[in-house]
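Two complexes follow with chain A in common, the first pairing it with chain B and the second with chain C.
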Partner chain A sequence: MFTMGIDIGSSSSKVVILEDGVNIIAGEVIQIGTGSTGPKRVLDEALSKAGLTLQDMAKIIATGYGRSSVEEAHKQISEISCQAKGVFFLVPSAKIIIDIGGQDVKAIRLDSKGGVKQFFMNDKCAAGTGRFLDVMSRVLEVNLDEMAEYDSRATEPATVSSTCTVFAESEVISQLSNGVAKENIIAGVHQSVASKACGLAYRCGVEEDIVMCGGVAKDLGVVRAISKELKKPVIVAPNPQITAALGAAIFAFEEVIGANK
Partner chain B sequence: MSRIESIISELSSISNNPKKAMEDYKKETGKGSVGVMPYYAPEEIIHAAGFLPVGIWGGQKSISKARAYLPPFACSIMQSVMEMQLEGVYDDLEAVLFPVPCDTLKCLSQKWKGTSPVIVFTHPQNRKLEAANKFLAEEYRLVREKLEKILSVQISDEALNNSIEIYNENRKVMREFTDIAANYPNIIDPIKRHAIIKARFFMEKSKHTAMVKELNSELIALPVEAFTGKKVVLTGIMAEPNEVLDILKDNGFAVVADDLAQESRLFRNDVPSGTDPLYRLAKWWQEFDGCSLAVDTKKSRGPMLMDMVKVYKADAVVVCMMKFCDPEEFDYPIYYRQFEEAGIKSLFIEIDLETTSFEQTKTRVQSFSEML
Partner chain C sequence: MTDTTNMMAKELLGFYQEELYEEARRAKKEGKLVCWSASVAPSELCVTMDIAMIYPETHAAGIGARKGALDMLEVADEKGYNLDTCSYARVNLGYMELLKEEALTGKTPEKLEKTPAARIPLPDLLITCNNICNTLLKWYENLAVELNIPLIIIDVPFNHTMPIPQYAKDYIAEQFKDAITQLEEICGKKFDYDKFLKVQEQTQRSVAQWNRVASLSSHKPSPLNCFDLFNYMALIVCARSKDYAEITFKKFADELEENLKNGIYAFKGSEQKRVTWEGIAVWPHLGHTFKGLKNLGNIMTGSAYPGLWNLSYTPGDMSSMAEAYTRIYINTCLDNKVKVLSDIISGGKCDGVVYHQNRSCKLMSFLNVETADMLQKENGLPYVSFDGDQTDPRNFAPAQFDTRVQALDEMMKQKEGVSNE
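And now, the complex of A and B:
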């Protein structure tokens, strides 16, 4: 039996096709999100990769910021519940999830069965989100996937505000014009993201294992900065961008099984 | 339309159109309205003068002109009040009563841009001393004096004591209403509940009392229906705009009690009995606890909320955090920890009157519903 989870975020679209609730047949990501062609394209890609059609899916659940706009879905579940489900499936020892996506930062505390015990989200502000890193990457003329490498060469991280993306951007421009090395600025940018995310994690109560997911988890500079701030190791979920879609696909499987019982 | 529906519809219409309520009052009595800024102003003094006290709580609107006068971190109630002042919205008011229990109010009271005269007074924060009652009674004496001058009326002790009784009756009926509404969440959804309460700000209180009293009687005559959703207690300054309440409703939540400064905090205590009306009004402030705007060394808000959860068999507390409200933000970590220790679930949502996008609130509320 196949089930599908579709996660439409603000800046990327993800689909997971699951066989019998355990085998990931397809896990596709396209780096454009809700309101774009991303949702359709990623759906087509996942089906094509799996050699399946929508009719083969026993159930489809949508999640993410654009969850309400997915016509193919039978149901919508919030990304917080889906992240918890997906991460717990991959890392059963997880207690705290830090999820940094395009425009949201979330800290989620799990109970012993992987259920959501508490969660906190960022305020309506881009500071500390993937969008914040996008803006910095553009100003610094460094690709997002190179930022971790730059960070690893930092000798003296710069101070970058975590209050506001616009203020932080002008700080970065000012540091660039003062000749501060990009490596040090990028380390400062990563610390800024970490301090925002850790503020939410502290509210949840920090407890190991701490697992990071969401697109920003692919930036190891941010992961290192969060680990340093929390003074604890941080595990990056395997394929961290698809964990919510995976959770949605698992929910879909559980609902079909439950309905068949 | 049933009598219940028609009462709710009438109160909702008043709550959505204060200007018309003011015009109707003027037509009926020949007297105007006096604005009442948040929080905890002695409306009774205005009532005793025969004028209509009108609550000023801002509104959902985008802010531009107010940016010239307020920093971006002033709460959105004050941002929208300032914007509306600059648009002349409050210029029909005969006067504005202006308490200053937070820094933003203190500063805003000194830069009122409307044309109505402003009467500023201070609530003492060292509240539990007898001296606080004397101080506040004197403040209220000055408020009365200024109102008498502006409105060209005399406000007698007798009239004031009479108004206090009218207000106490309204408080009692409102407490009954919120208790009854908790048993009929299928009829009194979060938006209707809010509108019925909010209408108090724009009606002569005995009229509001009569309508809510009738609504209460109609409701209790109905059998209590089963409710399949989740029950919550709201805490904070306010739960506006209505989109926030809509999201709660859409996710199957009923509001069974609240601790909002715009709602139950105003009527959970009566003004105590006595002969000197100004002293009675002052004493209300001394006896009032559990609000971030009133110094409370015992920090009783958390235990009060936990009691409400127990009494009303609520599933959780929803914290409606007014964006940039320092007093509320300082209180939060204290009662949040108390909730955690007691195993009480809570959801934190941000209240911002300027916002037009509610996706984050939707995600938070839906996740919370799934979590419960």
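And now, the complex of A and C:
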């Protein structure tokens, strides 16, 4: 039996096709999100990769910021529950999830069965999100996927505000014009993202294992900064961008099984 | 005189709200005094003196709910009022500026012309109280300076410990007496203590009916969605010292009890989960927040905010009245706030809590983090908080609200079987 999870975020679209609730037979990502061609394209890509059609899906669940605009879905579940589900499946020892996406930062505390015990999210502010890193990458003229490497060469991380993206941007610009090395600025940017995420994680109560997911988890500079701040190791979920879509596909599977019981 | 005997509660609500505004406009025309008052300042004093009353917070909420807040906020912004100031204050100060401009130039500014809420007259005097926040002090001081009119301030100190000490009640009772003296000077007539007693008794009858309505959300399923309290609240604020409030709430409570008897509940279909909403409504997005919960099968059966007007006291006893005006939960320490909310949550048989992190109301919002934490330790119920604002529509993001309440719904359902009964 096949089930599908579709996660439409603010800046990327993800689809997971799951066989019998355990085998991931497709997990696709397209780096544009809700309102774009991303959702349709990623759906087509996943289906063609799996050699399946929509009719083969026993159930489809959508999640993410754009979840209510996915016509193919039978149901919507919040990304909080889906992240918890997906991450727990991949890392059953997970207690705290730190998820940083395009416009959200969240910390989720899991119960022993992988359910959501508590979660905290950023308020109406882009600081500490993927968008924040996008802005910084543009100002610094360093690609997002090179940021971690720059960070690893830093000697003295610069201070970058974690309360407002616009403030932080002007801080970074003035540091650049003062000749501060990009390596140090980038390490500062990563620290700023980490401090925002860790603030939320502390409210959940920090307990190992701590697992990171979401698009920003691919930036190892952020992962290192979070680990340093929490003084604990941080596990990056395998294929961290698709964990919520995976969770949605697992929910879909469980619902089909539950209904057939 | 309009015959109100056959009106439903909802019609009465609309009728009396309009009537109150009309009375104020009429008073102004006839050269009688109009007072603008803070929502939890003692209405008994001015009503005894036959002064027509306007409550700017309620008026601002009405402008917000009718999607007219932005115009007023822009005026306030142009006048230099900071965006961090409470949006009730900004909407009202913006409105006042337009009224003042009209009075000075004889021309009605366009924004005032097209504002969707009821027209209110400029005040001749002001009365405020700091039992709900200190923003009100500066807001009313500004009104007084801009309009060059008298301002009566009733100081109601914060209660850092409970129960409320006698000296605090004595002090507030003295403040009441001082306010009466000021009113006598402004009105040029003696305060009628016999009438005052009658007004106090009326206030108590209104409050009793209000409490009767609020208590109905304890039924499961509930005949009352507390979102309705947000609407009916207008009369407990603006007309508690008149029979308008008593008549309307009595009718509403009768209707709800009748519904309950006939198995008619507030949630069409069957209510699934019950939530407490902590904080003021998001007026410009009231429909969205209501539907957001409703579409998930959830009903609001707990809200501490309308309880601010549970002002029961013994008529004729100033100290008892002082106690009523000072014990409201946002004028008390964190421990008491938690206790009040805890009772609301268990009274409403709630499964979770939604906290409104209201950019306007610092006092109500800044304590939420700690409050939520303490309550969860006590009752183990899931909660979420969302960013919003009571009347500045720019401070609320519908999608963010939706995600949070959906996640709350999922957490409540995950806890199925361990509900707070």
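Everything that follows uses one rule, which is that the second predicted complex is superposed on the first by the 261 of 261 C-alpha atoms of A that agree within 3 Å, B and C clash if a C-alpha of one lies under 4 Å from a C-alpha of the other, contacts with A are read in each partner's own complex, and residues count from 1 in each chain.
Rule of thumb we're sticking to: a contact is a pair of C-beta atoms (placed from the backbone, for glycine too) under 8 Å apart; a residue touches a chain by one contact, two chains touch by 3 or more.
Nothing here was measured: the structure is a model prediction, and the numbers come from that model.
Undergrad: Look at where chain B and chain C land on chain A after superposing the complexes, then choose clash or fit.
TA: Aligned on chain A, chain C clashes with chain B.
Undergrad: Determine, under the contact definition given at the top, whether A:E79 touches first (chain B), second (chain C), both, or neither.
TA: Once the two structures are laid over each other on A, A:E79 reaches both partners.
Undergrad: Please work out whether A:D123 is in contact with chain B alone, chain C alone, both, or neither, and reply first, second, both or neither.
TA: In the superposition, A:D123 touches chain B and chain C alike.
Undergrad: Once chain A of both complexes is superposed, is A:G35 in touch with chain B (first), chain C (second), both, or neither?
TA: A:G35 contacts neither chain B nor chain C.
Undergrad: By the touch definition above, which chain A residues appear in both interfaces, chain B in one complex and chain C in the other?
TA: 65, 76-81, 115-116, 118-119, 121, 123-124, 203
Undergrad: Inside the complex, what are the residues of chain C that reach chain A?
TA: Residue positions touching the partner: 357, 369, 376, 382, 384, 387, 395, 397, 399-400, 402-404, 406-407, 410-411, 414.
Undergrad: In the complex, go through chain A and note every residue touching chain C.
TA: That would be residues 65, 68, 76-81, 115-116, 118-119, 121, 123-124, 203 of chain A.
Undergrad: Would you tell me which residues of chain A are touching chain B in their complex?
TA: 65, 76-81, 104, 115-121, 123-124, 203, 205
Undergrad: Quick one: which bits of chain B touch chain A in the complex? Just the residue numbers, please.
TA: Residues 323, 336, 340, 345, 348, 350, 352, 355, 357, 359-360, 363-364, 366-367, 370-371.
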